[in-house]
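Letters A, B, C, D and E name the chains as they come in the text, with residue numbers starting at 1 for each one.
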Amino acid sequence: MSLLEVRSVTKAFGSLVAVNDVSLSVAPGELRAIIGPNGAGKTTFFNLITGFFPPTSGHILLDGKDITEVAAVDRVGMGMARTFQITEIFPELTVRENIRVAVESQAGLRLRPWINRRQTAEVDDKIDEMLVATRLTEQADRLVGELSHGDQRSAEIAMALALKPRILLLDEPTAGMGEQETFQVAGLIRRLHKHTGYTIVLIEHDMRVVFNLADRIMVLTEGTLLAEGTPDEIAANPAVQAAYLGTAE
Amino acid sequence: MSETTIPAMADRTQQRNWLPLAAIWLVLITVPIWLPYVGGYNALASRVLVFGLAAMGLNLLLGFTGTMSFGHAAYFGLGAYGAGFVLRYWIHSTPLAMLAAILLGTAAGALFGALMAKRTGIYFAMLTIAFAQICYYVAYSWNSVTGGYDGLRGFQRAPLHFGPYIVNIRDNGVLFYYFVLAVFAICTGLMAMLLRSPLGRSFIAIRENPRRTRFLGIPVERHVWISFTISAFFTSVAGGLYALLNNFADPTALFYVISGNIVIMAVMGGMRSFWGPLIGAAVFVTLQDYISSMTVNWMSFIGMIFVAVVLFFPRGLLGFIGRRRRA
Amino acid sequence: MSALEAEGLNTFYGKSHILFDVSLKVEEGMITTLLGRNGAGKTTTLRSLVGLTMPRTGSVKIFGEDSSRQPPYRAAKRGVGYVPEGRKIFAHLTVEDNLRVPLERPGPWTIERVFQTFPRLAERRTNKGRQLSGGEQEMLSIARALLLNPKVLILDEPSQGLAPLIVKDVFRMVEQAKADGMSVLLVEQNVRASLEIADYAYVLDHGVMSWSGTAADLVKDEERIQALAGASAEEWSFDDDLSTKEAEAFSHQPSTVA
Amino acid sequence: MLTLVLFNVTNGLILGMFYVLMALGVSLILNLSNVINFAHGNFLALGGYLTFVLEPYLGYWGALLAGPICVGIIGLIIERTAIRRVYDRDPVYSLLLTFGLAFIIQDLCRTIWGPNGLPLSIPNALNSPLSQQFFFITGYRIFLIAVVIVAVAALFGFLTYTRVGTRIRAGTFDIETVSALGINIGLLRSLNFAVGIFLAGLAGVLAGGQIGLNPNMGDDLLLPAFIAIIVGGVGSLTGTLVGGLVIGVASAVTSIWWPAGSEVIMYILMIVVLLVRPRGIMGEEGVMT
Amino acid sequence: MESTPTPGVGRRTLIKSGVALGAMSLAGPAIIQARGETPVKLGWIDPLTGSLSALAQSEVEGAKYAVSVLNKKNGILGRPIELLVEDSANDVGTGVAKARKLIDRDHVNMIFGDVNSGIAYAIEGVTNEKKIFHIVPGGHTDEITGKDCKWNVFRICNTTSMDANAVTGELIKHYGKRWYFITPDYAYGHTLQAAFIRALKKHGGEYQAAMMPIAASDFSATLIKARAYKPNVLLNNMGGLAQIDCMKQFVQFGMNKQMGLGGALYELESIKAVPPVAQTGWWDMEWWWNQPNVPEAVAFVKAFRAATGKTPSARHWFGWVAIHTAKMAAEKAKSLEAIKLARATEGMELPPDVALQPGKVFYRAGDHQLMPNIFVGQVHPPKGDDNVFTVADAVPGASIWPLADTGCHMAYPA
């Protein structure tokens, strides 16, 4: 059974149809990439999955359960974590503090106006684990806003991981990054996928990332599904080539 | 909130230099000793603490949750009336008066907060004014209970009883100051604890980035509501103290001008720092007191100070200092 | 003299360094295209040129006149027309009102001429911006920039999100602008189409200008074009080994495939 | 009873005109510059006083225009020297700044012209009721309505038919793009601020003729102006217009049965409107929050 | 507006207060208690800003004038008088804070104030607690010398009931028995309206009433209602700026042609601020300057005009009487101790050059209320300088407000 299933969702903003009758099925442990030119509706599609806004029609199922009507914040509790195209972090807090918010939320402490020593220690341990996993230990006490782009993205992923999600949704994790940083973040995603078997869905522009990481790829253009398949199938698909590079007349 | 800010999370507060903290408490504890020498008087010091507490309470919402309220006079004023009702109609007990202040102010905060939590920005701010003004008009119109425009009068704060010991805060201004200071200390202690707790961190997270916070599984609206309620709680404590200080409660305490004053104290002092609002309140209250004795044109002076703070201290008075210390 | 000349731009967003010593020239009467993958810093380059984002260092010259660190309206006054990414039309204004916003520099372009040139806009002149289709919005955005009677036209991904037929129209407009004597700086992800009409090309990669030359040269360089789209995926060798600590950290994460 | 209601609806519309004039100024400034001008009521008073000063030299009709223009110029100077510095900052700083200005202007008025209030004499021709039946519709109030209608029409005409006006409306939506299209937005904001203050000054002159001048005369209009904007929907000037008239009528009609409630009804109305329509009557999704 | 310190009359300058106070505190009590040169400090609290500021400023002006006169004549107990003026800003909290400040910090010997009855009442709480002699020059609410009277508090202006009782007969005589009230919604308004209604009912009249916010500025809706009731007379009980606004709208609507206008107080400050057509009706004056048959009043008005360029109003007179009361009480008691001052003031009669009116003017012992004449008469457009009121009758206060009606039970501390 698929972990995430999207059944013919459509999203219209007024007269503009941003996503048109798109379906998707992600198996447990799969790393799925969504690609397509700018404005193809990828982020809108992502926002529908994570509950940022409701679809105009269609259904979204997590683990067989219809979550179309579930609020974004509750989807997080059901095991869905995401990152954003433009890094969404708490820039004036340190890396450790950023992760702490996520860890505490995950530990169900978010309503607690006090915290005892034992819990603090537990939280600290988890934060350290996240720092190790994302190789941010050395930057732990720096303000996130002062870090390099790649480290900021790693921190954002660390926050998502701290939620112990069942599925991780990454929106252009390497957008705006240098060569080295792209490699760093791609490496992190790959380690995550390989060593924990995380189910990951990512939107990506950098084809090296996509082709090196993805198990399967779906291609969107103009809000509709253009193609779906393994990296090799997609690479060989002329329609995809055209969509990406344009056609010389 | 686009400004770079001074975060106040546990990791750094723990490493913080304890000296400024000790200095603040030393100054506050010794007030009755040095105050007369600089031309002050105990009621003024109590007033500074009362408004300082109100402004710090508001700042939990404004500076640490990033949500604007123009209507905190409601919780301040209801706190004052709550205390007044108990002393006037029921029983001569200062602790019960404070309890009533807290219950009335916090309940109103929780109720109004629940009605507003889904609104944002200017709509939220205007709703806070609206609810406060409605409280104002109720207090103003309900003569038989509140005394209307003339206020609720004819009560006095009661001495405190600790078993056989009686602390006469009614007649002794110094003792009353220490009573206010004790309450202030408890409240600021609670605030500091809150800001180091997971709940407090979620508030700061909302201030920093509501969208990220939501996608960490924290229901933003509910937490804004909680923050609003807690903020109303502290402000209502201040309101209760205000009634005890004046032996009086009147609708002006609910008026939007008071809300504005509380916001201004917080902003002027530095809304991103824990103690900033207290500094703002101290500057505002003492300047107003001093200048208004010297010239009937005191409003111009206060106004010019506001303008100067905006133009020359972009982070508020304490924010400026804090910034330099960090740099 | 170049229409536009940028020299050593370094631009930051907050603390993130986005552009590293970026230099480029837009020659008079030519179409220059700026290519690069998403997030390479193309939009930031354009914003730095017109003054919407102030570069921290570096200089910008418009027809030889220094206009570094000047507010955006100065660049416009000197004849730089800017068609922003995402079109940025005023959704609550009518088409006609949208066209009345830009500064009126003297020149051939008037609202009447716009309506003659773009009959579709004339038909919809009283419609609100938000009621237009994507293609109409793009036309409106370009027309709005033309009304400045610019000497240089800067377009940021004009084909984004448009149907192929409309994309052709857009490119025709760009060629027409050149024919009218304008210099054009075109940022595009539609690499082949833009190289088709461009005279010069620059390639921006991770905030660094990695290639420049004539469009004709770039067209021949199929490998580089493929790389631009990232379609040729060279194998990366990842360091997938974990330290014991990392392994420990990962082992605490939930696994969906047990 | 019906007559009474009818009278009060009419009276409420007249009252609403004041709110509209005041609220449009606040709204213009809020929309383009994101500044909530708490000193607006004080600019209103200043406008009235300046007219009072100019009247002996220019006559009533001359001063009617010159007073608001002078206060508009004062507003312009204050905008250029102080207010523009808070545009890019958290809105609470503009609050602090305009609160300070409000204090200064109010105190200045009191110091210069005294706390007592001064009568602003209006031409005698305007000073009597038109009919016995509609006694509350005095010549002056007709005149007032006419001036407000002309001013509002002029404002909407300016915003609709002039390029500068169109640019102001565009700037409400996306100020950055306006600047990229060659418009000096610093100048645009200054001009817009001056127009807003001019409207406050005009309201001050009209209010001065009705109730006389005093240093606090604008205070009672400030919050109703904010309410009018919120009820109408932030970002929409038409909404502000509607909002002002609605709260004017609501307030006047309420005072038939509950005179003390004439103010509180505005707040209740605002809460109800926002609970039903979160962005006010004419507010649009996506235009400012 | 005058805000600069006058020599000898001490609104302190900016520097003076800080430095002098610091110095004094450091030097300790020796200096403060030194006899002879040490001034007698009088603390005065009034709403110098806000809607009642015109009235408040007149009171302060009168008080300052009295201080300057008395300081030329040996001050109080041979010591100069220092008047410390504080702005209550028409806010109770501020007023109370200022009272504490004057008492705790400045160690004033007496407190005066406030025009706003609510603030006056709140200040009483402080002065009573601290046992400070307190004179209320211009806050009218009955309770201050009624059921809430206090041993340390004396009042100069009339009670609302005195004012209402004095004018009711004339209003009925000149207009009729069908009345419409426009009344401010606070203690002063409530007691005033209640007093009028009591008096009106004795004559078998009928009425309707509208309660307005104290600082209301738009009365059109209320006036529409008032006209619909078709009363013989409209009683404008508003105060300060609100009263002025109401008057203006009243005449703008032409209602002056349909009904009479009257009420308790239409003070000189307010009359001067309305257009001539609104200068009309039957009213009380608590003191009136134009008393050609009272030589002391004539001399006072002349001297006051020479000193200030203004015609004295009742508010000026309150200030004048208040300072003189302080002097007379202190000299009779030979002390500044509150209890002795209070005992001395009870029953004390004002001499003609202080009372400035015919007949016996005295502080009634039972309720600490001054018993002057109430001048009932007609307001009209000026006939010469500030001559806007013609006195028809001077009603002795005691005759219309028997002690039994006050509800006051005076109790001194044991």
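Assorted remarks:
As a working rule, contacts are C-beta pairs under 8 Å (C-beta built on N, C-alpha and C of every residue); 3 or more make two chains touch, one makes a residue touch a chain.
No experiment lies behind these values; they were computed from the predicted model shown.
Chains that count as touching both chain A and chain E, per the definition above, are B. Looking at chain B and chain E, the chains that touch each of them are D.
The most distant chain from chain A is E, comparing centres defined as mean Cα coordinates.
Comparing the chain pairs D-E and C-D, the larger number of C-beta pairs in contact belongs to D-E. Centroids of chain A and chain D (each the mean of its C-alpha atoms) stand 49 Å apart. Taking each chain's centre as the average of its CA atoms, chain A and chain B sit 42 Å apart.
Here the CA centre of chain A is 27 Å from the CA centre of chain C. For the pair chain B and chain D, the distance between mean C-alpha positions equals 32 Å. For chain E, residues that reach two or more other chains under the stated contact definition are 1, 3, 48-49, 185, 213.
Counting only residues that touch two or more partner chains, chain D has 111, 260, 263.
Contact of a single residue of chain B with at least two other chains is seen at positions 140-141, 297-299.
This structure has the following touching chain pairs: A-B, A-C, B-D, B-E, C-D, D-E.
Note for the complex: chain D touches chain B at residues 30, 36, 38, 82, 85-86, 88-93, 95-97, 99-104, 106-108, 111, 223, 226-227, 230, 234, 260-261, 263-264, 267-268, 270-271, 274-275, 278-279, 288-289. Across the complex, chain C meets chain A through its residues 14-16, 18, 37-39, 41, 130-131, 133-134, 157, 159-164, 167-168, 188-196, 205-207, 225, 228-236, 238-240, 242-243, 245-250, 252-258.
Interface of chain B with chain E (complex): residues 36-44, 47, 140-141, 143, 147-151, 153-154, 156, 171, 173, 242, 246-248, 250, 252-253, 289-290, 292-299. Chain D contributes residues 163, 166-167, 169-170, 173-174, 176-186, 284, 286-287 to its touches with chain C in the complex. Those residues of chain E that touch chain B in the complex are listed here as 1, 3, 11-14, 17-18, 21-22, 25-26, 48-49, 84, 86-87, 89, 91-93, 96-98, 100-101, 104-105, 117-118, 121-122, 125-126, 129, 141, 148, 184-187, 190, 213-214.
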